[in-house]
Amino acid sequence: MPVYFLRRVLAAIPVMLVVAVFVFLLLRLTPGDPAAVLAGDMATPEQLEQIRASLGLNDPLYVQFLRWMGDLLRGDFGTSLISNQPVLDLVADRMWPTIWIALITITLSVIVAVPMGVVAAWKHRSWIDHLVMTFSVLGFSIPVFVIGYLLIKLFALDLGLLPVQGYVAPSEDLPGFAARAVLPALTLASIYIALIARMTRASLLDVLGEDYVRTARAKGLAERRVLFRHALRNAAVPVMTVIGTGFALLISGVVVTESVYNIPGLGRLTVDSIFARDYPVIQALILLTSGIYVLVNLAIDLSYSFLDPRIRY
Amino acid sequence: MPVLDIRNLTVAIDAKDGASVVRDISISIEPGETVCLVGESGSGKSVSSLATMGLLPKGALKVTGGEILLDGEDMLKLSPAELRDRRATRMSMIFQEPMTALNPVIKVGDQIAEVLEAHTKLSNAESHARVMGILDQVGLPDIERVARSYPHQLSGGQRQRIMIAMALILEPRLLIADEPTTALDVTTQLQILRLIKDLQQKHGTAVLFITHDMGVVAEIADRVYVMNRGDMVETGKVMDILAAPKMDYTRRLLSSVPSLVPRPPRPVASERLALQVSELDKIYGGGGFLSKAATTHAAKAVSLELKAGRTLGIVGESGSGKSTVARCVMRLIDPSAGGIRVGGQEIADLTPRGLHPFRKRLQMVFQDPYRSLNPRLSIEESIIEGPMNYGMPRAEAVAKAAELLDLVGMPAGSAKRYPHMFSGGQRQRIAIARALAMEPELLVADEAVSALDVSVQAQVLDLLTEIQERTRIAILFITHDLRVAAQICDEVAVMKRGEVVEYGPTAAVLGAPRHDYTKSLLAAAPGRDWDFPNFRPVAA
Amino acid sequence: ETTITAVMHSGLRVLDPVITTAHITRDNAFMIFDTLVALDEDFVVQPQMASFEVSEDGLSYTFTLRDGLKWHDGGEVTPADCIASMKRWMQRDGGGQMIEARMESLEATGDNSFELTLTEPFPYTLEAMAKPSGLALFMMPERLASTPANEPIPEMIGSGPFKFVQDEFQPGVKVVYEKNEDYVPAEGPQSWFAGAKDVKVDRVEWVTMPDAQTSLNALMNGEIDFLEQVPVDLLPLLEGMPGLQNQVLAPLGYVTIGRMNFLHPPFDDPKIRQAAKLALSQEDVLTALIGNPDYFKVCGAIFGCDTPFEFSDGSESLTSGGDIEAAKALLEEAGYDGTPVVLMQPTDVVTLTAQPIVAAQALREAGFTVDMQPMDWQTLVTRRASQADPADGGWNLFFTNWIVPEVSNPLANIMLPGRGDDAWFGWPTDETMNGLLDDFASAAELEDQKAAAQQIQARVMENVNYIHLGQYFNPSAWSDSLTGITEAPFPVFWGVEKEG
Amino acid sequence: MAENTMRAAFPLSTRALFSRIGIAPLLAGLVLILIILAAVCAPLVAPHDPIYQNPIQRLKPPSAEYLLGTDNYGRDLLSRVIWGARVSLLIGLGVTVMAVVIGLAIGLVSGFFRLADAVIMRIMDGLMAMPSVLLAIAIVSLMGASIWTVMAAITIPEIPRVVRLVRSIVLSAREEPYVEAAISMGTSLPRVLWRHLMPNTFAPLTVQATYVCASAILTEAILSFLGAGVSTETPTWGNIMAEARIYFRLKPELIFWPGLALSMCILSINLLGDWARDVLDPRMGKRES
């Protein structure tokens, strides 16, 4: 296990390097100029040039890249070109809302989606199955922001049950946090639930055709036991996998959800930074989200060995 | 009163006007009796047994007539809950594939205990004691450890013992065993058969034993039922059936079973060496940065020689390295050390490009006839691919394909059809035709008949013999079935754990084995005392 | 404790008001920093931190700091601080550079006074120092003001009515201000940026909401107190909502303009520029942009209607719905060869998406080939700095908006100077205009200034230095719990009270 | 027997169609055909010029002239939704074709050549790890928002998924005995790839393609929403909605109609994909995603 873990972590290095090179080149080889953003509307060309020089943007690309890499190795993610704050501070500030919303979404999704998928597989081809499948196809078919708007209209404006926007830290005001987290989490969960329910159903259907399920029935076990004790755990690996790869989807959804609900999280920080050409921040954020993605999927791979004793690392 | 009394059972496909797959069959089993249900693949053996357990796949098959009486109680009239209650307590079933029949993520001890949980009110301690008791009875070593193991940590034989323990823990009246030993090595098979017999005697259980292996039948059956395509053909005491079958179908089935007595040796026709393997070594795995994949030494210093027009058999238990040798010879994998000479030319260390000219001199027939033909190509396309790779014009190759298909006994006009339109036996013929199209000097057949019913197997073996006589091709024949080896091979090499432990003329090796391992293999072969094709015991 | 929660027009990211002309940075700076002198609602320069005296010959300006001025870190405000602040500002601001060009000396003359001496009279001096737009002149402690002009200052320490709460600042998300208890308001009634800046709440929080819909919802749900910009189309939603009110707080509003690239065809030809101008109609643009006519004003005056220099010479076609026929004729006459007009369209700025779309249709109708290229605003600002050929990375036309005070004075209006490569993007070379600007700068009397301004108006219309597309107004909305909100070119939070 | 003959004689009878295909995929196909027809014939079907602005007619409710009303530039919503189908479908199809073709080529190579595999998969892992919407926003805002950059931006993150799928199929298919048989018959590697391995990928790729297509159309809408989409002058369902979003409470129909078209379209594509999966390979569920 430790060896495997080490190997996987080492294997993540070239992946992150690919990400780093890609993002760096993407940012530098395409038009866009943080100096222009910084200087504002009335700046003259000459002022732009001065700012550019002072930001080090006139150095050759490889120099900039090596400088960035060197800084990274020393744990220095750089300083925002625009707001002049250390990138790490910015990220630390904006991280928690995103993490909280993501955690709530995942928990909610798993709690809702897995039973949905189980019931659908169990009642294969019944109306419940069709209902679940319809719902999950719908979940893939409606843009996140439309779902967001609909939920706001219904729960915040028409029924007046919840606030329409905002974020407060759970440590400050737990009920306030909860009230504001419900709608974004629901919005985000719509895709995730669809994804997980679908995968649970598909993989359970596969498993239900396996010999050991027949054996379990031949033992005279109750159907519920067959389903939850024998089938579900065997179906769990692909479901976990989808939770992992769906994480990328979650990040995308977060960007939109944070806009709709005005949550000061990492998604919006990234979008804002991209629009502002705030190179160090974009670089750090994409590297960070990619790193999290890699880690989450590593954690999920490791979880396989708990779900399925045949998998040993 | 019989324990199980199936009366006029009919099972059909669950659809409007669905065809019936089992028609009007009746089976009865007395307490303590072992009844064998035999028949070729698809004859309805499994369907009958699943119907008894109430485990027919929902929405696919349904019982449309008859009754199934278990101690006089009709299983077909029970509610699902009542039926569940009868399972494991009154009737139990064990399946063919012990790996997939056990839940891979639950410890085997828990899987057995689950039966007790579902049907009794024993305390944890009591239940644990019961589990240990039954594990002990099925002859498992170190039972505490075994109980805590997951299925994949046990060998095939051990897993099947677990299945048996699970089936018998509540001492059911009836045990149904659907091909419980087919996936096992002969030696393990013998142990399992003995175990079932022992337990049956101890508990007075009635056993319905499903198999297609006549050897097994001869070994254990009291009475035999023979099925063919959903119909019950014949039934009777085992000796009556084996010695004096009444129906043609049964006769054919029995006469297809190859005899364990080696056939008379053939004279050596040519001294030319088609294949010479010397000191071949193959080690799998290892290497790789930080990877700790264990290495497997799958072939150790294997040396073999094969003359033109002769057949060399490689036999041995599963995992002994037979396929490894074959694949090295074919250069589908790279040998770790040693030499392979084909027609005098060393090919062990050629690059893929250098190998190209020699490819056509070696061809292979694979085990699984369903996967060895590309399902998307017509069989003609599959056959002409090889010759055209070596520059034969298409028209000529097509003509040759037609010729070959005729040679292997395929109906005319089958060339344009696709593999799924043929039966397993036919597909194996096509695969042979494809190999022959290259006019190879050496044909490697890896378990080429193992997936076929005995009757089809006999036809394919005859075909190979006939072709060999005509073309003087050398055949490297890999099988785990000693009966087949005895009938087709001129020489036999016995492999064990990657080593050749005995090597010589078939008559010598199988007739008068010298190595202990060969002896134990032969001793374990079920029905070794019975000469099936001749309906009589083997002459001592 | 009372806190005003306000949603401003954009998120604050850049803090240094000398680095950027971004409005939000300036708005922020007005909370934290104070100015030496300030403009009141009559465009008159008033003392703020300092009283001033101008010598008879107009060459010497003496500033005397009022008592009790303190930095947020407790230090006294000294003339040295002010001088350093002015010098840094002069390096960057257009008005400041004009002063610097004429500056003889800038020196302290006592513990609380200093003197600016010029080589020639420059009547615009005080106005440049008081203007609330472009780069306004804010006073900072010397240690901050000595930061090089193209590097951001490291801290936000001012002497203004509010203190910046560094710990709670989240760039682009939230800025928090606390009342500066030590602040001593200036004399006189509050008027725009002049007079007493009397803070009546404990805290002000600016939060950013990227979605107009969301911020309006938040206001209607009572989650925020003040919304700087309400899309005019959405005003009907506010109508009849109890507890809310809305009003245009910046009565001068904004102007929207189109700027051409003078370096490349087709707009290097004045006739073709003229043709483009003829094709456009202020009403069409403004209707698409704003909708409700109560919130825009068709206005031919490049210095803005209701300003001292309101003239409308040469703007007939713009204000009367455009003259497509004349445009066609002129285009024909100029021999336009179909060179595509590369029109940059920002996709992410709500107040700038409509202009290119309407303009593209009008230009096409007049016979132009239009190549409209959508891009985000930041790409646009980068690209507009490129002098390359429009076919490879350059441009021909883009649109932008200004608040009226940014254009209302000829010397503040950055689009006017015609100094080629040194001019604002578009790089016109226009000696006539430069001459007129000099005339204006040296005009001592208002009447002379007006005469020069009128000629500048005519010149802009004739040479089409840019296309003036009219004025529009942005309603703000707030909850009834706020009182004392006053008109100003942009929202100020002193004088505002919050109940409860 | 009679029944069989009937079936053979009238293979397309409605009943047979329904029973063989099922109602949902049939309806989905119908909806999709309608949308494609509308897209192809947009110039004929649309009552107005989709980009002609008429400021006086801004934000008008539905009327005989403007069946669905007008947007904030006074453009006809119905015409924009119809024309929007064009671009949205073009983006969906374009992305699908590019992602599948590129992914297939890379996946085949990667699945078969161990050396290349190591490098390619690292790159693919890298691409996969980058959040796709963020990547797309970055690409679009950096390179300028034209249909082509939007398409490229959406394609790039889809490629690794296709590559992984193709590679996994190739990896398992190359162990198939018929592939070994071909090799032992002296078939060259490129030919083995082309003739024996690639066809195995078609069924799963068809299914994957439907999902790629659906998600591309959706991603375009999200990009528009975030301000990194195609110019509002070229109507796409995404940017019609994005542009109208501030009118969500005032004139919800501006979002409703394009949203309905979008969702119906994606729903249909997804349903067809599910159907294709059931038909082509009932066990594909495991490989997906």
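First chain written, first letter: the chains are A, B, C and D, and each begins at residue 1.
Definition applied: a contact is a pair of C-beta atoms (placed from the backbone, for glycine too) under 8 Å apart; a residue touches a chain by one contact, two chains touch by 3 or more.
Note that the coordinates shown come from a computational prediction; the quantities given were computed from them, not determined experimentally.
**Student:** Does A-D or C-D have more contacting C-beta pairs?
**Tutor:** A-D
**Student:** If I average the C-alpha coordinates per chain and also across every protein chain shown, which chain's average lies closest to the global one?
**Tutor:** A
**Student:** Could you work out how far the Cα centre of subunit B sits from that of subunit C, in whole Å?
**Tutor:** Taking the average C-alpha coordinate of subunit B and of subunit C, the gap between them is 87 Å.
**Student:** Using the average of all C-alpha atoms in each chain as its centre, how far is it in Å between subunit A and subunit D?
**Tutor:** Taking the mean C-alpha position of each chain, the two centres sit 22 Å apart.
**Student:** How far is the middle of subunit C from the middle of subunit D, if each middle is the mean of its Cα atoms, in Å?
**Tutor:** 45
**Student:** Indicate the whole-number Å distance between the mean C-alpha point of subunit A and the mean C-alpha point of subunit C.
**Tutor:** Inter-chain centre distance comes to 40 Å.
**Student:** Tell me, which residues of subunit A touch at least two other chains?
**Tutor:** Within subunit A, the residues that touch at least two other chains are 31-32, 149, 157, 259, 275.
**Student:** Multi-chain contacts only, two chains or more: what residues does subunit C have there?
**Tutor:** In subunit C, the residues touching two or more other chains are 211, 213, 348, 376, 378-379.
**Student:** Please list all residues of subunit B that touch 2 or more other chains.
**Tutor:** None at all.
**Student:** Of all possible chain pairs, which ones touch?
**Tutor:** Between chains, contact exists in these pairs: A-B, A-C, A-D, B-D, C-D.
**Student:** Taking the touch rule as given, give the residues of subunit D at its contact with subunit A in the complex, in rising order.
**Tutor:** Going through subunit D, the ones touching subunit A are 122-123, 125-135, 137-139, 141-144, 214-215, 218-219, 221-222, 225-227, 238, 241, 245, 248-249, 255, 259, 262-263, 266-267, 270-271, 274, 283, 285-286, 288-289.
**Student:** Note which residues of subunit D are touching subunit B in the complex, please.
**Tutor:** Touch residues, subunit D against subunit B: 176-178, 180-189, 195-196, 199.
**Student:** Under the stated contact criterion, what part of subunit A meets subunit B in this complex?
**Tutor:** That would be residues 3, 6-7, 10, 125, 210-212, 214-222, 225, 229-230, 233-234, 307-310 of subunit A.
**Student:** Going by the contact rule at the top, pick out the subunit D residues touching subunit C in the complex.
**Tutor:** On the subunit D side, the touching residues are 51-53, 55-56, 58-59, 72-74, 141-142, 144-146, 227-233, 243, 245-250.
**Student:** Could you please specify the touching residues of subunit A with respect to subunit D in the complex?
**Tutor:** Where subunit A meets subunit D, its residues are 14-19, 22-23, 26-27, 30-32, 133, 137-138, 140-146, 149, 153, 157, 195, 199, 202-203, 205-206, 238, 241-242, 245-246, 248, 251-252, 255-256, 259, 267, 270-271, 274-275, 282, 285-286, 289-291, 293-294.
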